[in-house]
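Shared between the two complexes below is chain A, which has chain B as its partner in the first and chain C in the second.
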Partner chain A sequence: MSDQLSRFPYPFNSDTYRYSNNSVLLDPPIAIEVTPEYLEEMTLKRSLLANHPNRCYQSLPHTIPAQWEIASLVLHHLHETYPEDFSLTKEGNSWTFSNHKLNETQQFVFGDVSTLPWEPLDFVGRHVQEDLILMGQRDGDLFLDAGQLCFPANWSLEFNLGMNFVEIHSPIPGFANGNLDEKIRNFIMKLEVGQPWVRRNWSLNAGKRLDASLETFHQWGQMRKQVTAENAGETVYLRVEVQKLFRLPRSHAVLFTIHSYLITLHELAQNRAYLEQLYHVLVELPAFIAEYKGMKLYKQQVIQYLEYELQKERG
Partner chain B sequence: MQPKIHVFVKQIIQETPSVKRFVLVSKEGADLPAFSAGSHVTTFLNTAAGTLERHYSLVQAPAITDHYEIAVQLHAQSQGGSAYWHHQVSEGTELFISYPKNHFSLSFRAKHHVFYAAGIGITPFLSMMAELVAQGRSFELHYAAKSREMCAFYETLQKTYRDSCHLYLSADPDSSRMRPDGMRQQRIGTHVYFCGPETMVNQFQEAARSYGYPQQSIHFELFAPPAPMLREPFLVELWQSKRTISVGSDQSLLAALLAAGIKSPYSCRVGRCGTCAVEVLSGEVAHYDSVLSEKERAAQDVMMTCVSRAVHNKLVLSL
Partner chain C sequence: MQKQRYLLLMDETGESASHDLRNELAASSLPVEVHPVTLESLHRSELTALLFRQWIGTYLYLLVSWPLLEPLRQLAEDAGFSEQEMECHGLGPHTRQVFCSACQKMNQTEDETVISCHFCGEELSVSEHYSKRLQAFLGYTSIR
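Right, the complex of A and B next:
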């Protein structure tokens, strides 16, 4: 197995897929993963932030204390998990963070926004591959209060800012059946400090594109028309978002992190079990889910490609 | 299963003849996790009868993290928790506690907060009031105790919250009684919070509702020690599959279903995600999940197979 394939967060544990709360406890309880794609993805992230600041960063004014909590969590996880690459030293409230991968050092006074070039969430997001979303928990509901989002899977931070959990998820067909949306919201509202959760969301992408923002759909959406059974192995990617949920102890808000991974179907097909299972999932997938995930135009081509690969291996 | 923090008792303060305050410090010497106003911790006490889990509110201001403080009232009919804290624990005693949890948080949109505490029910309001003072928001406290001697945190309340604090001493003939009708005069946008014995909480809740308070403006906290878990083997009849399978004493129902080849969706296996829910057609369920509401539990028509079990020897599921 290639290194990329063995590291890939494969999303399925069954031959059929339906919407459900597929969360499990996160072990080890670390928010951040640094992968070999770090430098490439940070370059892309920084340029998106520079060119489209409003698309990539939004916050409501009352979120600064919770943002500091996120900053502290992310910097500690970076330093404790990857001590060679990231260091954090503290003298009282005076903190120094060094990113040795990017050769950057930032000194600041913890709790004083005027000592940072950006808001705390916007600052730490510039050092990790993850997108970082802050969900405020107030009066029995969860609201999207702030976020740094560079690699969305077809949604808009600017549009969703201030919405509650159920409103955010309202475009998903069938998600409210059996009150699944409210059940998942209630599950998140019971998150506990020290017990973070993780889930894997998946879709297919036509073309290699981490920043599949709603605002640029006209650019990347065209790729869907160019997929054929012959080129699907190279042009179609399985996109998996590893999403983690952390309770922030002081503000009682929730940190939602999204780390997006892409792998070509050709690469994925090197693992026979993955190939077979993806094939079964796609063949069985109800049309409304396939359509919502944006694969209607090329799902048949992908299935043909997978069939061909399966036969080839059977010899 | 849940992660725990190793602490020791740094100091014990006798607040009243029946209430002791305990100062807990991390064994590793590190700061303890920050917490939000209204939070509690679970303490794990190793007694001869096994581990006792008890929940206690953190009573200091949330900004303080170099120690935690809890206050424990000695109950006459103690099932062991408060008696253990009062008679077995001394300065230096080591124990494990949970991370702070909050099931009783302050409303964000409230214009004014009114707290009603009876006896040791004062404890969650101490961190809440400290938070509201820090944020410059408006509140008042109504607090009933037997007498001045039995009134825990009397000094602190007098010193810090004199103008927002109303005391009612039930053994003092000159003192008035704490009554719900004060809630009538509150302005629109007021949220009310109750903590104390179940009868008091129920009485104040009903009154608040009858005065027209919306349900979202009524907050309360009742601490009940968790019921000990049943571990007996039992049978489940699967109605659609027309099969009966048995669940062993150290096996979950979910594990038994999967072992029998029943395709049963699941995710977390710890009773929290809700994915393993199945419909119950008959039999009484002992619920151990944290997904279902009190009402859903009582309805006895759905259960989480990864943790919940049969009270008696058999359940019928729609599977």
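Right, the complex of A and C next:
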């Protein structure tokens, strides 16, 4: 198995897929993962932030204290998990963070926004591959209060800012069946300090595109028309989001991190069990989920490709 | 909240549209107060004072033409009325805002389900996805 495939967060554990709360306790409880794609993805992230600041960063003014909590959590996790690449030293409120991968050092006074070049959430997001979303909890509900989002799976942070959990998810067909939307919201509202959770979400991508933003869908979405059974192995990617949930102890807000991974179907098919299972999932997948996940136009081509690969292996 | 009295604010269009509602409220045993509003009265202090002096237990009805509804609702919210303490009815022709997902500009529309963005020209299908913050529906681009 290739290095990329062995690291890939394969999302399925059954031959059928439905929306569900598939969260499990996160062990070890680390928010951040640094992968060999770090430099490439940070370059892409920084250029998106520079060219499309409103698309990639939004915050409501009351979020600054919770943003500092996120900054502290992320910087500590980086330093403690990857001490050779990231260092953090503190003298009282004077903090120095060094990113040795990017050769950058930032000194700042913790709690004083004027000592950072960006808001705290926008600052730490520039050092990790994850997108970082801040959900405020009040009045028995969760609200999208701030976020740095460079690699969205076809949604708009600028449009969704300020919405509650159910409003955010209202465009997903079938997601409110059996009140699943409210059940998941209630689950997140009970999140406890020190007990983070993780889940994997998936879709297919036509083309290698981490920044599948809603704002540019009319451009990158065109790739969906180019997929054939012959080229699907190289042009279609399985996209997996590893999503983590942390309770912030002081603000009682929730940090939601999203690390997006892409792998070509050709690469994935090198693992026979994965190939077979993805085939079964796609054949069985209800139309309303396939449509929402954006694969309606090329699902049949992908299934044909997977069938062909399966037959090849059977000889 | 236990309703203890009703306050109705209405403009000319609300006069006729509120007929059934007023009968219904009159049949309840609770006091009902009715006040006319216009675009001009919106900025007079009497209206603000009226809303601010209400006690907890006042249930508010707004029956006004669409352009008046949002500023009036905002004023009521500033005076402390929550979503659960009021009912808003927009009347007559309705323009609604559509947020262009491609250029992030706001389009004024009526009830079209597909529009061309007035700013970037992209064809947008108008969805039910609504932002209270932007007071706008999301317009999705397509790949046709």
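FYI, the second predicted complex is superposed on the first by the 315 of 315 C-alpha atoms of A that agree within 3 Å, B and C clash if a C-alpha of one lies under 4 Å from a C-alpha of the other, contacts with A are read in each partner's own complex, and residues count from 1 in each chain.
We take it that a contact is a pair of C-beta atoms (placed from the backbone, for glycine too) under 8 Å apart; a residue touches a chain by one contact, two chains touch by 3 or more.
All figures in this text were calculated on a predicted structure; none of them were measured in a lab.
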Partner chain in contact with A:Ala50 - chain B first, chain C second, else both or neither: neither
Touching partner for A:His218 - first (chain B), second (chain C), both, neither: second
Which of chain B and chain C A:Glu192 touches, first, second, both or neither: first
First, second, both or neither for A:Gly162, with chain B first and chain C second: second
Chain C versus chain B, contacts on chain A by residue: B
Contacts of A:Ser20 with chain B and chain C, given as first, second, both or neither: first
Chain B versus chain C as contact partner of A:Pro171, first or second or both or neither: second
Which superposed partner A:Ser251 touches (first chain B, second chain C, both, neither): first
Shared contact residues on chain A - chain B and chain C: none
Chain A - residues contacting chain B, complex: 14, 20-25, 29, 69, 136-140, 183-184, 186-187, 190, 192-195, 197, 199, 249-252
Interface residues, chain C side, partner chain A - complex: 99, 101-102, 104, 122, 127-134, 138, 140-143
Of chain A, residues touching chain C in the complex: 54-55, 156, 158-163, 167, 170-171, 214-218, 221-222, 224-225
Footprint of chain A on chain B - complex, ascending: 2-3, 33-36, 62, 98-102, 105, 107-109, 216, 265, 267-270, 272-275, 290-291
